[in-house]
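Below is one structure, written out as structure tokens; the observations come after it.
Chains here go by letter, A, B, C and D, matching the order in which they are written, and residues are numbered from 1 within each.
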Amino acid sequence: MPSIPVPNSTDFNKRSAMSSASPLFHGVVPPVVTPLTASLEVDYPSFARVIEHLIAGGVHALFVLGSTSEVVFHDEATRRKVLEFAIDRVNGRVPVLAGVVDPTTDRVIAHARTAQSVGASAVVATAPFYARTSAPEVIDHFRTLREAIDVPVVAYDIPVCVHFKLDRHTVVTLAREGSIVGLKDSSGDDGNFRYALMDLADRPEIMMMTGSEIVCDNALLMGAHGIVPGLANVDPAGYVRLYDLCRKGDWTGARREQERLCRLFEMVWVAAPRVSAGSAGVGAFKTAMRRLGIIETNEMARPQRALNDAEAAAIETILRQTGLLA
Amino acid sequence: MPSIPVPNSTDFNKRSAMSSASPLFHGVVPPVVTPLTASLEVDYPSFARVIEHLIAGGVHALFVLGSTSEVVFHDEATRRKVLEFAIDRVNGRVPVLAGVVDPTTDRVIAHARTAQSVGASAVVATAPFYARTSAPEVIDHFRTLREAIDVPVVAYDIPVCVHFKLDRHTVVTLAREGSIVGLKDSSGDDGNFRYALMDLADRPEIMMMTGSEIVCDNALLMGAHGIVPGLANVDPAGYVRLYDLCRKGDWTGARREQERLCRLFEMVWVAAPRVSAGSAGVGAFKTAMRRLGIIETNEMARPQRALNDAEAAAIETILRQTGLLA
Amino acid sequence: MPSIPVPNSTDFNKRSAMSSASPLFHGVVPPVVTPLTASLEVDYPSFARVIEHLIAGGVHALFVLGSTSEVVFHDEATRRKVLEFAIDRVNGRVPVLAGVVDPTTDRVIAHARTAQSVGASAVVATAPFYARTSAPEVIDHFRTLREAIDVPVVAYDIPVCVHFKLDRHTVVTLAREGSIVGLKDSSGDDGNFRYALMDLADRPEIMMMTGSEIVCDNALLMGAHGIVPGLANVDPAGYVRLYDLCRKGDWTGARREQERLCRLFEMVWVAAPRVSAGSAGVGAFKTAMRRLGIIETNEMARPQRALNDAEAAAIETILRQTGLLA
Amino acid sequence: MPSIPVPNSTDFNKRSAMSSASPLFHGVVPPVVTPLTASLEVDYPSFARVIEHLIAGGVHALFVLGSTSEVVFHDEATRRKVLEFAIDRVNGRVPVLAGVVDPTTDRVIAHARTAQSVGASAVVATAPFYARTSAPEVIDHFRTLREAIDVPVVAYDIPVCVHFKLDRHTVVTLAREGSIVGLKDSSGDDGNFRYALMDLADRPEIMMMTGSEIVCDNALLMGAHGIVPGLANVDPAGYVRLYDLCRKGDWTGARREQERLCRLFEMVWVAAPRVSAGSAGVGAFKTAMRRLGIIETNEMARPQRALNDAEAAAIETILRQTGLLA
């Protein structure tokens, strides 16, 4: 899978019709952190450094405007600007996937049209939220989205935020009919993910990705094509090493690297329960990235709380223990 | 409590400073259904009829852009137009509360500023959603909202949508410090609601409302000031009767009326599980209102599903059994 | 309901047989605390005092071996002895209902046969637990139990322990066919309880009881026949007053008494989160009863933790504030 | 860990005593199905055949009286007899672990004493259930159990039944202090399991086992010592092959065998939702074992429901597709 196509909105459907046997994307696809200034504006110079840090680490694509990007905290204008900036900065070096996360179908379509218009390689959409839905309505949601736009759709399974699980049958139905080109599974339900992988084994162009930071080796052993770990913002090279070890079949080496990354991931519990799980997780990534000189602040969008100095010190210790600081 | 003040944004804080001992609102405050055309646009002629139907039924205020209004399905422009239309149409006859429901603080503030600018009497806000938050962050959320605007804030507790419960201590803290002027409790946790009522017994200006359709008599017996039943879209006069019976202390009569309304409420299970609980509930109200000649269609915003003819027939039977159709 | 046998242990049941339109039991039915010695044996002298305290308070029946009795901590021999002791001590003054709480049907039947053999007026059974079941299997569970014994069965809905909700349709089906003679609803789902009451309005002999301590007035307003508050171990006379006020239709007076009892009930949060909700609740009742001189210790069955001195002092303050200590 | 006694029933345990750096048990440890007669008694001739089938398949130990054994459906006398029969029949060929599953500490101790007295190699205990507990109380539960008996204790994490999760910190605390010698993780939370494995990497004598049927390769890749799949009742040789492939580091071969077993495992959904998840799962195993000539009936303990003929036919198809029937 040497050449990753960067689709543009016009030729996607043509390629799709040719039925390529490779997934649209693969490899390490970090959900990119959105750094903020002290006044809670997007800090674009820092954002540029994040992008360079990730590409220098060897990642295969970027996922902008995901949960780790604090997407639901940003209004439409900010989302467009963040996405435009990222696509411009990346300048074709890797594909850029765009999260289009909002509660309901038509609002998701509006975000997706923006993403398409600024050149995103794919959009990543969750099931509806706040609204209570059902499996058939969720299927309609993805179908309606797909029909409204001309850019590939990746389904994003994140029940901890959406409170709805994209089960195997929903995923397989949507994939086989062409409504989605892949899945980002952040559910932690490895059994369901495995069955979806097995059910789609004859459709290798469907990209199956895990959102886990801590069982990436398992997911790749089961046949996943990619990994989307928020922690890759801190250590992209580590996840690229992990991915490469798995691709080579060096599962023992992969486990060793994965375990180091698990130790690094413990940063997400440093600030809990003082702050929410959301603040503690992304806040830890931002705090680590500040310490590594990549971004300026560890500010979080309101009403989330930033990590404090004691928590930052604990994270610095973790960075040293896992080899990211001397 | 004969004269309900209709605050405007400039004199609210003055009144508040005078420390009135009455709640800002009281009585029956329906969360107003948003009718749609066959092409899924807002059907304003039908919307006007809904408003007249509710005011003719004797309701004491209107809650526009709540969950029953399918608020999260509407974009900012639509929300503004719906709210402007309602306020214009109501023309001061009753207060108009505006839902400002979106995932995070700054986005809620944006909706609230719009609501303030078009003359809403109060805004109604939930805890953040999609984002995972904690009690201290939820308190910050309401404080930040309150400081950003110049119109009273009502807290909206709806864990079935938001997946966070506004517990007694959060509500009492926010009420006592002036961050909120009231609560709409759609949680079904009557014990928590009772304790909040007891804790705030010395602050009768804090408006405590239940979102239940089926235990309104209980809530009023416990001391609630108002009720916000979605079903009041179908039978506003019934809920006004229920409210008046409770106010008079005729609890036996109130129970009888409440039980009739409970039978009417059974319409929300007609379409389940063919459609989701969200579609089945608001969809039933719309279907009943169509049959009663108030609105044109029973269409639901995407990806929700409208009720079908068989379900509409079952709802018609319920309307007859409960005295709303001859 | 021809096939339901009339239990023969007390005069009460003969009365019941003569009046098929009354529920088998009614009024205040405390779930009786099981006091323990310092070595964690049942403290029978204290237990005798509890029984006298409750009867002196005017309660209408006793529910022995419920959750508040720490039933699942006791083995079969202890359960039998506790029940025999209670029935002997009560000596027909009020009916004695026996909890028969264990995970599965045949084990529940074994407890129920013991209860029947020692003269319990009825048995109180939950849905299966640990085992994962479904609504049809739960219905079979109660039917099989009913067929195996010759004493009335009360269904006990306590999803916080059993993790299964006895919904309206299950309760109504079982009641109409004669498998159960009543319901103890400890679910907190007042809407479901109201619908079950309404559905069974033509069957007044079906006894509908709430397990709530804090919305008893609501339950009685909705038509419940009885209340089963664990807190009645501490203040039986208070709950009898509340019940009598409701029966007289003095809902304002009832609310006042209910609110005092709500303040008393706040004892259950004194020890949380140091200990579990289970330990904090029953532990608070035991601690209060020790302070009132009814029982000797506040020990809890293993692995629960007893309340400490600081917590006991806080509970003493609550007893003073609510008029139970001078 | 000086105070942990070495069980004396088998040569295996002597080996274990000689090598303190090995886990007490390892490999494939099926939770043994308990076959029933048409009159719902334990069918001992069938049970004997199950045991021989498992040992012939090459399994490394047996886990009797687990959830798959329908343990909570059996009374104390039955449990003792089942365990005695198994130990007698096995006759030292492999270790026999005994489930001691009941709601509370002292009742678990009673079962554990029986298990010890009849020669079980270890007991397997869950957190308390029905009773609401907390992490410190759960730790006390295991400590109290450990102190009361003279046989090793394995912690059994099965939140779907117990509704309490044994998190990493609880497991590690109990293991390091010698209260438990291992863990059976049936939680599906692979991340938590991985961290417990990492935290105990310096204590290889602590036996870490997964209860999964479908991600055994993942668990073994992460360092687990054993697997406890209910499906091994149907295909013990398949799981032994899977285990051996993992031990050899043939992860590609392991994945292939695991995927075949995943296809076989799909039998557990054949009867859902007609029957509960519990009935559908163990019921499917029994139905498959009946078809394979190992047991006489597919009866389930009450109130569970046995699979019907159509479901049995569907399972037969699965057996053919996965190579277990010609």
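Going forward, a contact is a pair of C-beta atoms (placed from the backbone, for glycine too) under 8 Å apart; a residue touches a chain by one contact, two chains touch by 3 or more.
Because the structure is a prediction, the values reported are computed rather than measured.
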Most widely separated chain from chain D, with each centre as the mean of CA atoms: B
Computed distance of Cα centres, chain D from chain B, in Å: 51
Euclidean distance of C-alpha centroids - chain B vs chain C, Å: 37
Topology of the chain contact graph, where touching chains are joined (line, ring, star, complete, other): ring
For the chain A and chain B complex, residues of the former touching the latter: 67, 70, 72-73, 75, 101-107, 110, 128-134, 136-138, 140-141, 144, 160-163, 273, 275-279, 301-305
List of chain B residues in touch with chain C within their complex: 188-191, 194-195, 198, 212, 214-215, 217-218, 221-223, 249, 251-252, 255, 259, 262-263
